[in-house]
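Here the chain labels run A, B, C, D, E and F in written order, and each chain numbers its own residues starting at 1.
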Amino acid sequence: MVDVSAKPATSRTGVAHAFVRMKKATVAAVRRLDSPKGDPLEIARIAGISAAKRTSELIPLCHPIALTHVDVRARLCQNGIEIRSQATATGPTGVEMEALVAVATAALTIYDMCKALERGMEITELYLESKTGGQSGEYVSARVKRGRQGRRRK
Amino acid sequence: MVDVSAKPATSRTGVAHAFVRMKKATVAAVRRLDSPKGDPLEIARIAGISAAKRTSELIPLCHPIALTHVDVRARLCQNGIEIRSQATATGPTGVEMEALVAVATAALTIYDMCKALERGMEITELYLESKTGGQSGEYVSARVKRGRQGRRRK
Amino acid sequence: MVDVSAKPATSRTGVAHAFVRMKKATVAAVRRLDSPKGDPLEIARIAGISAAKRTSELIPLCHPIALTHVDVRARLCQNGIEIRSQATATGPTGVEMEALVAVATAALTIYDMCKALERGMEITELYLESKTGGQSGEYVSARVKRGRQGRRRK
Amino acid sequence: MVDVSAKPATSRTGVAHAFVRMKKATVAAVRRLDSPKGDPLEIARIAGISAAKRTSELIPLCHPIALTHVDVRARLCQNGIEIRSQATATGPTGVEMEALVAVATAALTIYDMCKALERGMEITELYLESKTGGQSGEYVSARVKRGRQGRRRK
Amino acid sequence: MVDVSAKPATSRTGVAHAFVRMKKATVAAVRRLDSPKGDPLEIARIAGISAAKRTSELIPLCHPIALTHVDVRARLCQNGIEIRSQATATGPTGVEMEALVAVATAALTIYDMCKALERGMEITELYLESKTGGQSGEYVSARVKRGRQGRRRK
Amino acid sequence: MVDVSAKPATSRTGVAHAFVRMKKATVAAVRRLDSPKGDPLEIARIAGISAAKRTSELIPLCHPIALTHVDVRARLCQNGIEIRSQATATGPTGVEMEALVAVATAALTIYDMCKALERGMEITELYLESKTGGQSGEYVSARVKRGRQGRRRK
């Protein structure tokens, strides 16, 4: 584990993105809330938030950090579900992993909720959109800079 | 949670796939074991196995299941790291989610280990390759059938 | 921990009940989904299911048991929210504690979601409604037998 | 999850209460330490403390918070066991849920320890007695103000 | 993780031992229950049982197994506290690690409870006493065979 | 749990030690990486770090503390494997238990990885080497002062 003992506690944020690609028929079924298990988007949101809080248990060399905020939003698109998370904390280390764990777990939860409808769904475009705080300062992903996402899915 | 009380316990397997796309320079650094944190591939393997065992804690509507085997393999490619997992159990419900949680967590761990080198890495192609057992029987993903993966990365 | 090694694995169910008593104004706010945090009933349901799966971590002398089914339902009443859970498993020991942990955690989650509206909410009538299976056989609580619940809240 | 990033870290306390109602014969058995599993009151105390530390794992939208103190006390009464907890931390959010999780888990543990004696025990009067700290300041429950508890059970 | 999918489920037991060596004055203080934190022996027992149930979370390549029994006993000796555990399960793999995790965690808990009295305590003689079941059959440690323990501490 | 609410947050470190005694043949097998499960030293290191982060879940009266650093090193000796850990945090309470949990879990993991080779391995000399910070200030174990370890194993 990287030693962050001497680093000052600063305000940190991380924003992450994932996409669960599925057939239009599956998207339509989610929209109609056909799943017998409950609303996939809401359950995915809760699963993502809960997992973010346990990031240091899942990722061996992650430091424990007390998140002051984490949120996950899932949005139905034409060919799948787009998931975005935001994590915030004040501490000596960043919250990128927390944001990434949130979207990954939310995406896996959507897979679980919908797998009876379509087993061939695929999780893709799982990346860090941006982060602020810390020594390395602000980061914005090339994808976000190019604004490619917006154009592709409407 | 779907009621599986009346389902017979049968032998189940699940095989999953993920890819962490990174720059060639990052792949080269991983190959030289430049990471100050340890060997990313081995740590990712352990993280994936450990997470698979906790799948029912992460995915709200997953049943707890006693895995009899889970393994994760990570392989350096030209433009990233390919991860594959295999999960096995005997029970009334499948182990697809266990296999998927394994590759997702291994991929996130690789991100964590290498993020100081390249923050723009992206997790992609996270999907179920195949499964056996249960009422729905065998499943092989279209990707595996087409054998596209092999052609694209050598 | 009681030694259940010699007990045969039989089918077990447990049904539990809890009530979160709150002001009519709070019930009305929940009904309008005024909470900024999400739908309290759905989040409580997920929290209850998730906690039931971890019962043996919370209750020191509980045996681990692989639940084949657990569900939680929350229902708005005039003066609060009634929660009921059902847990099922096949094993050498019962699932009463799993059902009770589910309703308790769902009730606490409702408290958490609504505490900004009313801090004086109270969790009450948390009890086992019934169980089946095992050496001691079927149990039905005196409350259920008397059918008092139905009369009191409509 | 409510965003508490901008809130100052202040000293917080929470005091919670629960009651496990049981027959006099069951109380007498607990008093004689007849349980083959150990001392129910001490085990309930440890279970309550341990659970309080994991509150943010159980309650989906609770923030993780580093408790600086938590204690649980269980007291034999004529018709049951009264449980009280106190939780303390310095942070941007309160510790009410930690105190409530502590008494709830302690009460469930008592149920588990004594259920062979009486399955009809009931957990009731689970509420927040008081809290201090934070924007909303001090809170004292109406029950505590009225001092009703003291009169009813001696 | 070793693949145990093809192994038959058989009855398994494991017995483990640990010793916390401390000064006579510390033993005497424990005997008088001077610790402000509670009874170290009882709390260590509960901690050991609880940890045994989570062995597969702690030991990366351990299979999850549903313990049907685990117990921990701590005994005051002249120069320390002797801890013994017994774990039992029916499954395709052994419970040695569960028994060892139980005594290790109980010993660490005793250290935690008594460290204000003596920081120089040492955990030693942590080993598997015996196991039964499985392909490799019965095992009895050389130490147990020699009966050395009994002679040394009375 | 001891109330540390009024204690100031200071920088704390803890260093712990454990030894897994095994036959020379077992040491040689570990050196040749003969284990079918992976590299025992690296997996033990990861297990120790991961467990240290969960100390407050394992040890009932330990406070949760956000480690800023933890590392574990395992070294092959003539007659076993020596493990040392270092833990660091800034907080109102020490990190001795975190350091001890790290070496204990690493030692148990080595046992698990090598038990097919030798079931009679023994964990011994598990103690706190030193600590800094807090009211009681610096502590160095008598063993370290005497420098006995260095002389005995080379």
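Quick note on the criterion: a residue touches a chain if its C-beta (ideal position, glycine included) is under 8 Å from a C-beta of that chain, and two chains touch if they have at least 3 such contacts.
Here the structure is a predicted model, which means the values were calculated and not measured.
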Both-way neighbours, i.e. chains that touch chain E and touch chain D: C, F
Comparison of B-E and C-D by number of C-beta pairs in contact, larger one: C-D
Centroid comparison with chain B (C-alpha atoms), farthest chain: D
Furthest chain, CA centroid comparison against chain E: A
Separation of chain B from chain D, taking each centre as the mean of its C-alpha atoms, in whole Å: 40
Chain centre separation (chain D, chain F; CA means) in Å: 34
Between chain B and chain A, distance of the C-alpha-averaged centres to the nearest whole Å: 17
Two or more partner chains touched - positions in chain B: 1-2, 38, 43, 46-47, 50, 60-61, 66
Set of all touching chain pairs, with the criterion as stated earlier: A-B, A-C, A-D, A-F, B-C, B-E, B-F, C-D, C-E, D-E, D-F, E-F
Of all residues in chain D, those that touch chain E in their complex: 38-39, 42-43, 45-47, 50
Parts of chain B lying in touch with chain A, wherever the complex brings them together: 1-2, 18, 36-38, 43, 46-47, 50-51, 58-62, 96-97, 100-101, 104-105, 107-109, 111-113, 115, 119-128, 131, 139, 141-142
Chain F to chain A touching residues, read off their complex: 11, 46, 49-50, 53-54, 66-71, 88-90
Contacting residues of chain D [partner chain A, same complex]: 1-5, 7, 56-57, 60-61, 63-66, 91-93
